[in-house]
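Before anything else, here is the set of structures, which you'll find just below.
Two complexes, one shared chain (subunit A), two partners (subunit B, subunit C).
Our next item is the complex of A and B:
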């Protein structure tokens, strides 16, 4: 084949590749990129449709960050997100490790544990209200069995700033997700390295921390990145099951957006951008730390 | 050095029986190959000796001490896996030191033993590399070093050469044999390759369908298989029906005199292709002559295999490729009586 024909073929292939990528690029650029630019611009005072255009104006961030309740909200947001992520991670790893073993009715359990993945968050929240509320199943069951005299004596789990209900819903939904991810990684890794370590004299703890954990780390990183990013920005669970003011940042943003005063939407957008900044910094640092570890173990 | 004994060992996984019953005696310092086709139970046997599986029935003895229930960590055995099972996140040095580290060995001793073993496996210059940066042969040597550094009483290898190319496989075979003889360590080697088993092992245990079919030295196994299945597995091509009377076997292509003991009655006669001499003229004064015609010729470089039709029976003859006999040529085959093996029915 001549060089000219080869070049023409190469050009045709490149053009076809760009045509194939176009739908995704359009969605990313226009919908996501455009919305991001507009959101940041709005948080900096650009909202001519509300009669506000003071761009660039950092007063919305100054007002937000200067308020002590913002930091309390941020603390609550991070607490729920981190606690739920860590608990889901530990339970997910234990579940995945159990699933690679052979036990009776394993096929049934492999379907059962995935059930929460197919149920929407709002249903999970409703289940939490039915089960964990002061008039819920658990309180009634405890009153019925005599542990407490009256369902009202049941300790408050929902609608407190401890966030047990919120964390419970996140954990219920995300443990199977973590387990699914790590189970897939474990299947890929196989059992041979663990067996080799056992033959070399390692006990179960040494095998897990020195052999298994480093190999399932990519699964841990990807699953925790996804669930943490979700948890930090999730709205429904803290809104319904949270302890009220001070709320988590997504609920704070929703309250601004829902206010009768339209101009407060700029404050809401500053809140949303703050969430994105905090999540971005945390996730970037987490990834950078992990990449450094990967390089150290020769996986660069 | 440790002697290993399997007494009536059986292993079932639910309703599936992987090992029906195996009795095996491995002498101290011996290299034994467990040979058999895929799924015959040889790896399960090895895993039971290692402690990775517990026998359903029977006993595993190390120096006459029952270790059937002893935890894998406490058996002090070593195992080299087919896919090496190196820790991908550790350098060669850390992989090799792993066993000593988890046993809490003194640092100075660890350093000394590391240098010694890296020298044995010739991997000093690769000590800081990760497994992904090594070739198959190098990974295999790391796996061997990682095992040997712990001074195991029994070394086990599960098809360790299966993932290597032909040339490297030959080199590694010699390396393993030299190392085993130098250290005198009791070694059990799983393979489905009869050539590998014969080259490496002092004795070969052939396993078929979860049963020990034959346990013998490589030459005995090759020359004197005790069943047609083993003869077939060991690459025998000339196995024919025969009627035995005294020291004579009557076959479709004529009567053959043999030297071995055999009971009268129907049997199979096995003639190894390389034990048969091919003559272009009729030999005189030689026993066991068969006249025939060359019907096919296969050239393998060093050897040639001829298919010779003797009274409608195809006999394969292998000889060194010092000459080329043409297809269609009339030939005479002879075989010494002591090279004929009778397999009783």
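Our next item is the complex of A and C:
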């Protein structure tokens, strides 16, 4: 008798728990799942509102993937994303390691370095234009020091496929993010293990690579996952600062969508699905690789 | 010898390299704002002058305010409209996110159930699926059901990237809270209502304020989703700035608008630093 009562109580609690989780789950499932299902369906030729319904039809993917410009776009997208992520990671780790030390004006510095986190990417783009453009500050400084005497002689930084402007904006915005994440991990870990290693005779290099680095690895993984995913899907910086055709994939998708020929929207949807696929495969293998590493060193 | 190296390795102070590095990073972050501010007060600034040839001050008889700022505060620039839109959307998004995330965060912090890791992973999905992909796919749906170009449409899509942050910060708050204080109050004879009002809520409040501020911040910084869903009908500060600089040049009025767009970030930075402890931030981002 009491057992059934217990069971009923337990059941009630479980139901109550799921009711509390429901709103968030519902919102994300509808928005996410809806976008996913319809996106894939459209890229396979399901668009009755345009009078197009040839589902399942792989011709949009075939047309997209068969064109060499798609692969160039993909290469550019990945290049900007990887370069910016790696540079931000190195700069961010160095910044976090400096921030855990004590120094005068540290309280002020902790405000200062977070500023890029707080403002939109478009502000970063505006700053890149005023600093790196052909008539920008760097160009003026070079003229002042006598290196050039015409704006056209300034090396083109923006609007090229080398993408230095795009990468600069990403790094400007994401270095503080990496630093913040890793700084928080460092604070949580404390310095005892580093002290122990030092007392046991490890030098600075050994302490960093064998003690500190494995400890901050979870922070490194999570922050790089987030910024890499963002960089692959970013639109505004490549749109304004990029070198034009071939564009990065999000810009390509956007151009398809604004094309007067609305059937190209399906091609655009195929581009969008391709972005999600590429990002998914890369992030999944990255995580799988990390899990294997964790198991090998015996964590979790 | 060994002791000496140990003390070097454990130095609490900055090495000269680190000092230089911190200065360089500060210059990298703040430096570009200097020409931006100068630009917004310039009357004429030709290449290759390092400073404007004619400042606004010298031309005061022509306009009372600096030309750029005169334009920025005029209704033609849409700055007021964009600011109001940004704040309004941010507030509504924060409120909705708070209401739907609070109960879920409570469960995530206190209960263990089957599939919890999978659920947590699902909640952080919006952070690792490219925004362009979600944005364009949802845009097609929203155009068909008439939500594109409306406040409701924008508010709904803003929930996607804000929910993961809100959930993580609130879960951290509940974890930090523990059950001890509530139990003590119960032992001392407090009723459920008294416990909620006098123990749980006051202890929860700072964390909730922090989570709300952070969500508001994320919402005000969203460009892509607003740009896609707004359809040019609803401008917010990031999309307004985008339309000013999309040509790849920056004139004085664009410099002024850039500074205006920076302001909410600075204000929120000053506020959040008081509410959000570094550790909480770490919990928000970590894992």
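As a convention for this text, the second predicted complex is superposed on the first by the 298 of 300 C-alpha atoms of A that agree within 3 Å, B and C clash if a C-alpha of one lies under 4 Å from a C-alpha of the other, contacts with A are read in each partner's own complex, and residues count from 1 in each chain.
Heads up, the rule we're going with is that contacts are C-beta pairs under 8 Å (C-beta built on N, C-alpha and C of every residue); 3 or more make two chains touch, one makes a residue touch a chain.
Just so we're clear, the structure is a prediction, and the values are computed from it rather than from any experiment.
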item	value
Subunit B versus subunit C as contact partner of A:198, first or second or both or neither	both
Touched partner set for A:140, first subunit B, second subunit C, both or neither	second
Touching partner for A:91 - first (subunit B), second (subunit C), both, neither	second
Subunit B versus subunit C as contact partner of A:297, first or second or both or neither	first
Partner with the higher number of touched subunit A residues, subunit C or subunit B	C
First (subunit B), second (subunit C), both or neither touched by A:61	neither
Touched partner set for A:214, first subunit B, second subunit C, both or neither	first
Subunit A residues contacted in one complex by subunit B, in the other by subunit C	195, 197-199, 201-203
Subunit C contact footprint on subunit A (complex, rising order)	14, 17, 19-21, 23-25, 27-28, 31-32, 34-36, 38-39, 42, 49, 91, 94-95, 97-98, 101-103, 109-116, 118-123, 125-131, 133, 135-137, 139-141, 143-144, 149, 151, 158-159, 172, 175-177, 180-181, 183-185, 187-188, 191, 194-195, 197-199, 201-204, 207, 218-219, 222-223, 225-226, 229-230, 232-236, 239-241, 249-250, 253-254, 257, 265, 268-269, 272-273, 275-276, 279-280, 283
Contact set on subunit B toward subunit A in their complex	50-52, 72-73, 75, 77-79, 81, 83, 85-91, 98-99, 102-103, 129-130, 132-133, 146-147, 150
Contacting residues of subunit C [partner subunit A, same complex]	2, 5-6, 8-14, 18-19, 21-22, 25-26, 28-33, 35-36, 39, 47-50, 99-101, 103-104, 106-108, 111, 113, 119, 122-123, 125-134, 136-141, 144, 156-157, 159-160, 163, 167, 217, 220-224, 227, 237-238, 241-242, 245-246, 248-250, 254-255, 258, 261-262, 265-266, 268-270, 273, 278-279, 281-283, 285-287
Subunit B contact footprint on subunit A (complex, rising order)	192-193, 195-203, 206, 210-211, 214-215, 297-299
